[in-house]
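You will see two complexes here that share subunit A, one where it goes with subunit B and one where it goes with subunit C.
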Partner chain A sequence: MHGSSTDISGFLGGYYLFLAAMNAVMAFHVWHNRHRVGEAIFWIVVFFGLMAAAASSLGHSPPGLPEGLRNAVNYATGPVIYSVGTTALLVLAFVLRKFLVQPRVAWILLNVSLVLMGLSMVDPNFAAIVTKPDNVPIVGLVFLLGFFTWLATAQAVKNDERLKQGLEPLEKLDNEKVLVWPDLVYTELICMVALTAFLLIWAISLQAPLEEPASRVKTPNPSKAPWYFLGLQEMLVYYDPWMAGVVLPSLVLVGLAAIPFLDFNKKGNGYYTIDERKFSYLIFQFGFLEMWVTLIILGTFFRGPNWNIFGPFEFWDPHKVLALNNVDLSQYFWIYGMGEALPKAPPGSSLVWEILYILKREWLGIALLIGYFVALPPLMAVTVFRSFFVKMGFVRFMLMANLLLFMAALPLKMVLRWVWNLKYIVSIPEYFLNF
Partner chain B sequence: MIRESQVWKSIFRHPMPQDRRNRIVVMLTNFFLHLHPVSVKKQGIALSYTWCMGGVTFFLFLVETVTGVLLMFYYRPTLEWAYNDILSLRDVTSLGILRELHRWGAHAMVITVWLHMYRVFLTGSYKPPREFNWVVGVILLLLTLLLSFTGYLLPWDQLAIWAITVGSNMARATPVLGHEGPGQQLLNLQGIDMITNASDARFALLGERFVGEGTLNRFYILHCIAIPLAVSLLLAIHFWRVRKDGGISGPL
Partner chain C sequence: MAEPEKKKMSVAEMVAAARKADSGKSAEAPSEPAAESSAPEAAAPTAAPAAKPAAKPAAAGGAKMSVAEMLAAARAEKAPGAAAPKPAAAKPVAAEKPAPAAKPAAAKAAPKAPAAPTAPKDTGSILSETRSGAKPGPMSKAEAALKAPAAKPAAKEKPRAVVPPMPAKPDYAKPKPKVTVDESRRNFLTDVMLGSFLGIGFVSMGVTFGLWTLGTARFMFPNVLTEPPSKFKVGFPSNFAPGQVETKFIPQYGVWVVNYEYNGKSEIYALRSVCTHLGCTPNWLEGEQKFKCPCHGSGFYKDGINFEGPAPRPLERYAIRLADDGQLEIDKSKIFQEEIGQWSDPASFVAV
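On to the complex of A and B.
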């Protein structure tokens, strides 16, 4: 799979053969075990379609997406579409979860996404990014996360249905105890053998990347952090490094560690459920799938030279120029609003005067931040989150409210940036204090 | 013959675990197996429930340890040799997939840690009495990322130093302790800045003002000794607490 795009058709041939085999097994399964002949015929048709794709791939003309469609996708790719789109997809998946968890629907979605992946691989720009050795695990991560989210949701939907009828969750039905030898030890052994085989195959078929020797004078464009930190690097677009690189990652860890002490809901302990713990479920999924994983995907596959956003089929042109004129809130207020210059202490004034002038210049942003982080939590406590406040007590509630507000601040800042080109709400570059 | 020998019997005190009694005894008398209880709830070990991701993560940690030790035989963390050693590891050394196993294992480990935590969250298994073990897990997540991050530098190619440069530049902006961080001016002694680019948080991380040989040495030691030791200790606590906090998770 590594190397130039010339051998991609061979890889795609194998890829489609694998997909075809997958569907053949599925057809056999629904015919033999479920006795659904019509559905089996459908998967056989899919099987033949995939075999045809495999044949033409092996004949060095793999099927691809039409150029018009690829151009349209590139054209539509932008931060707003990407963020709104992924959020909308996740919300939709949540709302339609009862429909989506049906094995049949999931199987169709899996097929569609794998075929789309195959069709896109023909595009040299797409293939160049996806087959970069260090990016391969992220492709794997996307599919693994899709699978496990489906698996968990399917069990949660079943349990929620049972709980609604007053039954126990499925996990509670089987109270039988088994001996660890052989039941668990053998599972572990099989897992280890399978994993070893998997790692060996991966290691043999994909060489670890090794670029030119390190050179401090040659800066690659783009310079990217390791993939699992790309969400943090993406935050650098919206926050200063002290926030994106230090404060927010620390808060992520603190927030994760605080979860068991903030979640006062006794239900949903030890089994899959969504309805019994909707609030914590939604907050976690928003934080993990939207704020962590989709930002990593954005940073890996869509951020190119100069950290510009590129479409999935777009050439990473380092000369692509995007007009960016970001404006601070204080500039909005004083220059555009009041028609004055930014307040500035006269030269030679004392430190106290300088700080007073800075406070005058930034008063609006500071007031907004105080309102957001100081005034909003008590307001939440007496309105929407009243019952939370009563159950959690002052300290726990304030911690939760502030963590939630910090989490919500990122999408808020993103929106402010895209819609009004807002750079900083409070901008005090004199003291490296920008927010 | 062998099983009747004194040597065999000195290692394995009991016959093969083929009947109920010996299957119980084996769990109690074998050092490696005694991490487990003797019996578990059948539901608790169902693959669709656990995803096996905690175990897979631990196994990957072992893979990383073994391949890592082997890689240390071939690798010298100096500007003169680091890159060349990796090159010859690829081109000259027999069984040249050692680095591949190590690197892909590392990527996989980051992913499996996430999936393990994802499962623990979705089953609510962090709830009492397992709060503390979740916190230990969060620290292990951080250490896994740091292990991967420190290892990223060692091949000493363009990918390595620039990823570490981008990643560690943020430490420059640490509040109070970074030389470009807010509150940096607070620490000064009679007008002399205490926090400069040669004394701030980033310098402590890199051992230099930029990613250089000092950094390579520091990251090498962190990667091969300091962080693995910390991980091992926390893993022991993590496993021990699984047993003490009510065993493998399941509905109460």
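On to the complex of A and C.
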């Protein structure tokens, strides 16, 4: 919206002032309550640095990222780098969790991310996307999600330490109950009043992002789902609408509802822990952070006109050309592999012959799918998940294995699309059956 | 009468007092004279009516009491304690065995009386004693059941609050066995069918919903359709240059008229502007010579064949023919799909 740099520099001035104040409070807290003078001095230095940034922003020359770096980031932005990068971050966050949950480290990370954000805002393309009224709440949510993830991980790490020493988890120590009235109701009332005030201010300062009147014949470009459905929209890029719009979302809901019946681990009830529930924790983190949140971020900030992927500092050019020729597995097999045309029933043949020809055309994909969903679970039962199979029994294990395989099907399909431009493993458009 | 606030404490004050008493129970325990002096104050007429309705659930609740019940019991004790001799008489009796009191009000007081055998007390001490031995906060029934046997001996050791076991439930308070339950169940269905009020209600609801459904069905078939006719003329074939994609019919009819080749034959055809993936309207990009969908990035060649993105099949064609006056006429009521070989149908194109 406001593309001009004066707008941004005024905003950035306030932004850096806020960050500086934040660090000043931290310096005071460290010095006064924790008596760590050296650390306090460090935060004071940060404070002065941010004050300098604020001053230059208010003087209409906000500090920004160098052109070369921005171009490099744009160049590197692609589905492969993005997904591999986010997965690597997730793995790092898990492996280094004991280091990352220290408040000092978390504070440094928060500062770094906020400053990076401020530096990036100088770029008009970045600012245009981030300050779009639609996207402002998503930026806020990203930071909020980071905070809560950190908080929960910190609790879990603390509890894991305690459990290792034979102590009970923190949540069991503080089990004093409070009254609904007045304790809970008053808290809720205060939250309600504060939130209403916040929403009022927000509604006044950021106009509602209304668009042109809806038209049957013109779809806005890009057309985005509500932010919370952008993960589903991303899934639709890789799957047939029947799969990505109906079957897989239903399976997500059914699978979530099935978790209590599949779960055989009695530990971790009522307190945060990672070590006692590693499998559940990792599956959840992957499913939520990787398969849901990062796809929302991808859809919000990186998907531009014609649903192409754009770098964070790249102009959203509706005429950007990307080579995206997609090929079905049957075409790979028959045309590229065998050097023939796709098998096709001669015109005028009966329905049975047509179906037989379709099966012949798609036999490889069908065989792969059957192998994936039917042959793989027993294989898992006797190898990696042997102990699970013993504990869960046949039905529960098969259910869990199939849910897991469906969950893994999305990233697998994404990789296949990006690496081999594979469109559908089984493609029967005649009967709307594509996978 | 001198301090009206003292008699009528607000809930917050009571709770605060209860907490205070909870935390420093032994220190806060009311002494005899203090309790005596509060008795005349409790004679206020306002306390008695307030106590009665609130105190009733306490009788049913037995040993486990919510805060409200405790408070109500406290109030009930204050009022009769000064107004009538009944509870005063009941208390010593209750200390030994539960006397069948004449009035329900007295019976209500009886279970509580052992906890406060001497005199009416303030809310805080009532609360604190009722919760004696328990951890702070409201108790669930399960917790209270767990606590009950442990709490009683503990209370007995203390000289101050001697808690005898709870009196047995009087006969009239026990739940009555239902005698008629089977009969009423047996008749339920016939009652519903044969005109009980429930039956009337359900039947009229069913009729109403049925009428709604019929009305909705009627709504689907309006008397007048304001849609454009499915057949329309788009001009002479000579208006469409070879290789041209005409987009001007999109706003009104949602159709591209294309003069291009399919399978090596040049023909004019009408493409339906609905993406075969999820139904968005693709854009014709002249520079890239392709149809591109803004929703999920599906791309189609000029002949309508899908080549990028998730669209599983080519765009669809509408029926097109040369009308008698030499103009092209498109019929949107017929659709031709490439993947089932319908594009070879002569109704789906006009050869040029």
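Worth pointing out:
Methods note: the second predicted complex is superposed on the first by the 417 of 435 C-alpha atoms of A that agree within 3 Å, B and C clash if a C-alpha of one lies under 4 Å from a C-alpha of the other, contacts with A are read in each partner's own complex, and residues count from 1 in each chain.
One rule holds for everything that comes next: contacts are C-beta pairs under 8 Å (C-beta built on N, C-alpha and C of every residue); 3 or more make two chains touch, one makes a residue touch a chain.
Nothing here was measured: the structure is a model prediction, and the numbers come from that model.
Using the contact criterion defined above for the overlaid structures, shared-chain residue A:Val142 touches neither subunit B nor subunit C, since it reaches no partner. Contacts of A:Ile108 after superposition on the shared chain: neither subunit B nor subunit C is touched.
Legend: residue contacts after superposition of the two complexes on their common chain; A:Gly245 is shown touching both subunit B and subunit C. Looking at the superposed arrangement, the partner reaching more residues of subunit A, out of subunit B and subunit C, is B.
Once the two complexes are overlaid on the shared chain, A:His319 sits against subunit C while remaining clear of subunit B.
By the document's definition of touching, neither partner reaches A:Leu369: not subunit B, not subunit C. By the touch criterion stated above, A:Leu58 is placed in contact with neither subunit B nor subunit C.
Residue contacts after overlaying the shared chain place A:Leu399 against neither subunit B nor subunit C. When the two complexes are overlaid on their common chain A, residue A:Asn306 makes contact with subunit C while staying clear of subunit B.
Of the two partner chains placed around the shared chain by superposition, subunit B is the only one that A:Glu188 touches, whereas subunit C remains out of contact. The interface of subunit A with subunit B overlaps its interface with subunit C at residues 176-179, 181-182, 215-216, 218-220, 223, 233, 236, 240-241, 245, 432. If you check the complex, the residues on subunit A that touch subunit B are 134, 137, 140-141, 144-145, 148, 151-152, 155-156, 168-169, 171-185, 187-188, 191-192, 195-196, 199-200, 202-204, 206-216, 218-220, 223-229, 232-233, 236, 240-242, 244-247, 253, 256-257, 259-261, 263, 265-273, 277, 281, 284, 288, 428, 431-433.
Across the complex, subunit C meets subunit A through its residues 11-12, 15, 67, 135-138, 250-251, 254, 273, 277-278, 280-283, 285, 287-288, 292-297, 299, 307-310, 312-313, 339-341. Residue ranges on subunit A touching subunit C, taken from their complex, read 176-179, 181-182, 215-223, 233, 236-241, 245, 305-308, 318-319, 321, 324-326, 347, 423-424, 427, 429-430, 432, 434. By the touch criterion given at the top, residues 17, 20, 23-24, 26-27, 33, 36-43, 45, 47-49, 51-52, 55-56, 59-60, 63, 83, 86-87, 90, 97, 99-101, 103-105, 107-108, 110-111, 114-115, 118-119, 121-128, 130-131, 134-135, 138-139, 141-142, 145, 148-149, 152, 155-163, 165-167, 169-175, 178, 180-185, 210-211, 249-252 of subunit B touch subunit A in their complex.
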